[in-house]
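Chain IDs A, B, C, D and E follow the sequence of writing; residue 1 opens each chain.
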Amino acid sequence: MNMTSHAGLELRAEGLSKSLGSSHLFEGVTFTVKAGGLLVVRGTNGSGKTTLLRMIAGLLDADEGVVQFNQAESSLKAIDLDAAIHYFGHHNALKTDQSVRANLVFWRDFLGGTGDLNEAATRLDIAHLLDLPVAALSAGQKRRAGFTRLLLAHRPVWLLDEPTSALDQTSTGIMEGLVSQHLQAGGLAVAATHLPFLDDQATTLELSSFSAGSPDSDPSAGDGW
Amino acid sequence: MKLWILVRRELALAFGRSANVALPLVFFLSLVILFPFGIGPDPQTLSLVGPAVLWAGPLLGTLLALDSTFQPDVEDGTLEVLMTGSTPLEVVVLGKALAVWVGTALPLVIVAPIFGMMLSMETTALTGTFLSLLAGTPALALFGTIGAAVTAPLRRSGMLLSVIILPLLVPTLIFGVGAAAGYGDAALPFRAPFLLLCALSLFAAVLAPIAGAAAIRALR
Amino acid sequence: MSNWFQNLANPTRFMALSDKLLPTFALLGSALLAVGLYQSFFVAPADYQQGETVRIMFIHVPAAWIAMFCYALMTASAIGTLVWRHPMADVSARAAAPIGAVFTALALITGSLWGKPMWGTWWVWDARLTSVLVLLIIYLGLIALWRAFDDPARSARPAAIVILVGSINLPIIKFSVDWWNTLHQPASVFRMDGPTIHPDLLWPLMIMALAITFIFLSLHLLAMRNEVLARRVRRLEQRAAARGPTSRSQNDTRVHA
Amino acid sequence: MKLWILVRRELALAFGRSANVALPLVFFLSLVILFPFGIGPDPQTLSLVGPAVLWAGPLLGTLLALDSTFQPDVEDGTLEVLMTGSTPLEVVVLGKALAVWVGTALPLVIVAPIFGMMLSMETTALTGTFLSLLAGTPALALFGTIGAAVTAPLRRSGMLLSVIILPLLVPTLIFGVGAAAGYGDAALPFRAPFLLLCALSLFAAVLAPIAGAAAIRALR
Amino acid sequence: MNMTSHAGLELRAEGLSKSLGSSHLFEGVTFTVKAGGLLVVRGTNGSGKTTLLRMIAGLLDADEGVVQFNQAESSLKAIDLDAAIHYFGHHNALKTDQSVRANLVFWRDFLGGTGDLNEAATRLDIAHLLDLPVAALSAGQKRRAGFTRLLLAHRPVWLLDEPTSALDQTSTGIMEGLVSQHLQAGGLAVAATHLPFLDDQATTLELSSFSAGSPDSDPSAGDGW
């Protein structure tokens, strides 16, 4: 998959709703992110930011609503979801007993990427850690090592769940720079975070404002449950 | 190709992790010790139960490795990336199963003849058992992977996993021991059970990726 | 037909429908059972070979049939879960499993009670007997699997997959007596060339089979209704918990008392 | 008292939230069933292998449980809190071992006679096996816990585990089936292997907490 | 163990040094924290904050230097380390398949605490989550649930490793308040973080300033290796 082919990419969510167990998280979440755009999702703990990102990634089904990836020029054909997304969740998807290098080589090959490992590692300032087992890394170093995966295989859509948690200021800056570059190259990103994150470039989605009222009190209504 | 990348990684992890390779071997060896000491040294009886013990080792030993097939991936976020990647989940599941077979079952099959000699088995019986193991253990690993996928989100699921998988493995065991007994014994058939065994492994190779991938998708 | 199916698929309509069906099934079942039991114990002749013990058959054979039928029903439900993803299909399968396990156990127990006079032993590792035991394990494993997940919505598809994969055991049970030379009777009722069993025994057997089928269906409906109610209660509890976070303060003492 | 709190928690984790106590029974059943399929239905042979089969169940169960004894605690930060708490690590290790025994081995030992009967074992053989299991399974759990403690932190320890556990397990198994076979058989000794088995379990009860705690302290 | 008995408690570290593998993390770290005091450790990712906290907690041995807990009145007798410390690390020490309640009841009992679970949970705003399995919680909720342990059993010394990571602003405020209360009650705390944390009350230790130069170039010098 080639960078330029996503020039007019667009991510649209319409009327997304989700309840988990007893909690009615949000209702009617609608937004559009265009190529080059960054949506920062904000909200209190447990308001459903992670849930929303997982829904966009296809890791969780919405109760209602749809998520669509369109190519603006030919919006008829929805993009193949499979090779469109990088999901960078709370966990770093690194095996702690393998070296950073082994982990990253695996992800690059598995995701069919062609990125230069050493260059990517240098950008995230983990080049000197490549041969350590992940278990030896500090929390922030692990986070950076996990993020390196995103540079190794190109995906137009980045979904970032608290990407800068555990990072120091310098590293936060570096990561912001990388996301910014990704946007400039025609990608788009959705990030959930409690911290400042590219606030000048981002559109903010305040998830708490979509929170539904108290759930239905009559269980036999609607779907019969 | 993606398959090979996956298998290689799984093997690297398995050989690095304590439980996956060593424990099944420990268990197999323990079985081979238990039977002679339990039955007594009579070579006649020993060689009678030999094929069954040699089958029980890989069969039960594989269970020890299956426990950590999907569960760590759920916990460290690997599964999320595998699921959002462009590789079909069927390939992922097949890769896991292959890795279980190569990393756990195959070593057990390879040591089986040695253990068989400890059980006073003769060369023909050894050969038959070895061949049947070679043909049948893929089915064990594949059916087992289905069970592992189904219990992926559960912790400490070893026993549950065993209970779910073992009934599915009964046909494999029947044909496996049948083929082992039939080899070099004119009165008993070898070809038929052996071919059935191969058929089972092939069938499992088709079924396991589909069923396992469906189970993983059900996590959504 | 499709309308009927839709009716079943909605829990509320299922509750209404089953409310009507349940008494009918239960009544039919008990009436047939009364007739069947009378026939089996007082009308049917003792077997010239087996003597009075042949009467075990009237329980044993229907129980064995239901044990397999129940699994077939679960297999159908599993397909419903996987294809249409409807929760009622899972409710059906989940409700059926314990009942199936009980009937399997019944077939095993009556079988081994019968085996003692007939074969001189309670238990042999005969192919049919062992495969029924395997069926029991599958039932128990499934029950354990369902219980291991705390959200019924999450356990539905995994369980359905195991049910489907496990269904290969059904033909093995059915044909084990033909495939392997065993102690157990080959089929004498359902066979290509017609039943080989004596009509004096066949009639009570068929009545008992019908009776037990209706009893099974009643139990299944009842269990499904229970399951639906349990899930509704679960929802209500969760909602209550979400509304009144502090209402549970007393529970703490219970936990560590 | 702290011991009891720990054991209770470990048991709760092992049985899961659904507290499925019947699971060990079904687990053992599914395991026992394999042997007639493998060996054939002949009651004579089956009763001969009985003691070995009955030992294989608790052995496999224990090994399955050991995998999740310390490793998860290392990963989720529990071990750090256990280590900074006021309870001696020896108690923690003993608690883990006890939980493995009570939660996994003991239920299997208790139901073992039922399965022995299904394998046509006679009452004396059953009693002997039961007694030997009761005396010997604590040693399995305790020695296993040492292995788990030593290998939990070191991730690249595949062979280490077997090197540690095997020499400890083998005598337990040998004396175990030895005692089982000797009970009620005039030609074979029962007292000697049985007492040795008890001695092994007692020795393990002293050794395991010390060795296990030392292994965990070595993390520093 | 009673609160007032720690009135004059003091934590002293002297000349702490540590190398891990090839990296020489810090050298000669010396500080004293008195009862009521908060030391905030700062430093870039991988500078050794976690390492330092683990050393104070006794989870890791120092290469050089000592850590001491003294009762100021009778500084002769070092306090029993065993019942002095709460270590709140990067991980929350919660079993994900158990309910929050079961986890916390276990820790309270195991640590010999007498705190009121419901009160503590209410303080951290997780009372409504007590009966959920930990796996269902959001990242911030997990962190709060993990922190609740500290309120259930009294320990004079709190060692906090990025306590507010993943927390929203309200929760951060709550946690700061709780630490503040702990200090007022005569406790002391050491916290490592990249975020603002009680900056008005805290003394800051900038770990990067203790970083050793390049490790000795002559490996055979010193201790003989």
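Basically, a contact is a pair of C-beta atoms (placed from the backbone, for glycine too) under 8 Å apart; a residue touches a chain by one contact, two chains touch by 3 or more.
Note that this is a predicted model, so its numbers are computed, not measured.
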From subunit A, count the fewest steps through touching chains until subunit B is reached. 1
Counting only C-beta pairs in contact, which pair of chains has the most of them? B-D
So what's the Cα centroid distance for subunit B and subunit D, whole Å? 23
Cα centroid separation, subunit A vs subunit C, in Å, comes to 47
Could you grab the centroid distance between subunit C and subunit E? Build each centroid from C-alpha atoms only and quote it in angstrom. 56
Intercentroid distance (Cα basis), subunit D paired with subunit C, Å: 35
In subunit D, which residues are in touch with two or more of the other chains? 13, 16-17, 20, 23, 26, 30, 33, 37, 72, 75, 155-156
Expected list for subunit E, residues touching two or more other chains, is 90, 95-97, 102, 109, 133
Residues of subunit C that touch at least two other chains are 134, 137, 140-141, 144, 148, 150, 241-242
Which bits of subunit B are touching subunit C when the two form their complex? 143, 146-147, 150-151, 153-154, 157, 160, 163-164, 166-168, 170-171, 207, 211, 214-215, 217-219
Subunit E - residues contacting subunit A, complex: 20-21, 43-46, 49-50, 90, 132, 136-141, 144, 162, 165-171, 194-195
Taking the touch rule as given, give the residues of subunit A at its contact with subunit B in the complex, in rising order. 54, 57-61, 80, 82-83, 85-87, 89-98, 102, 106-107, 109-112, 146, 149
As the complex stands, subunit B meets subunit E at residues 75, 154-156
Under the stated contact criterion, what part of subunit D meets subunit E in this complex? 2, 5-6, 9, 12-13, 16-17, 72, 75-78, 80-87, 219-220
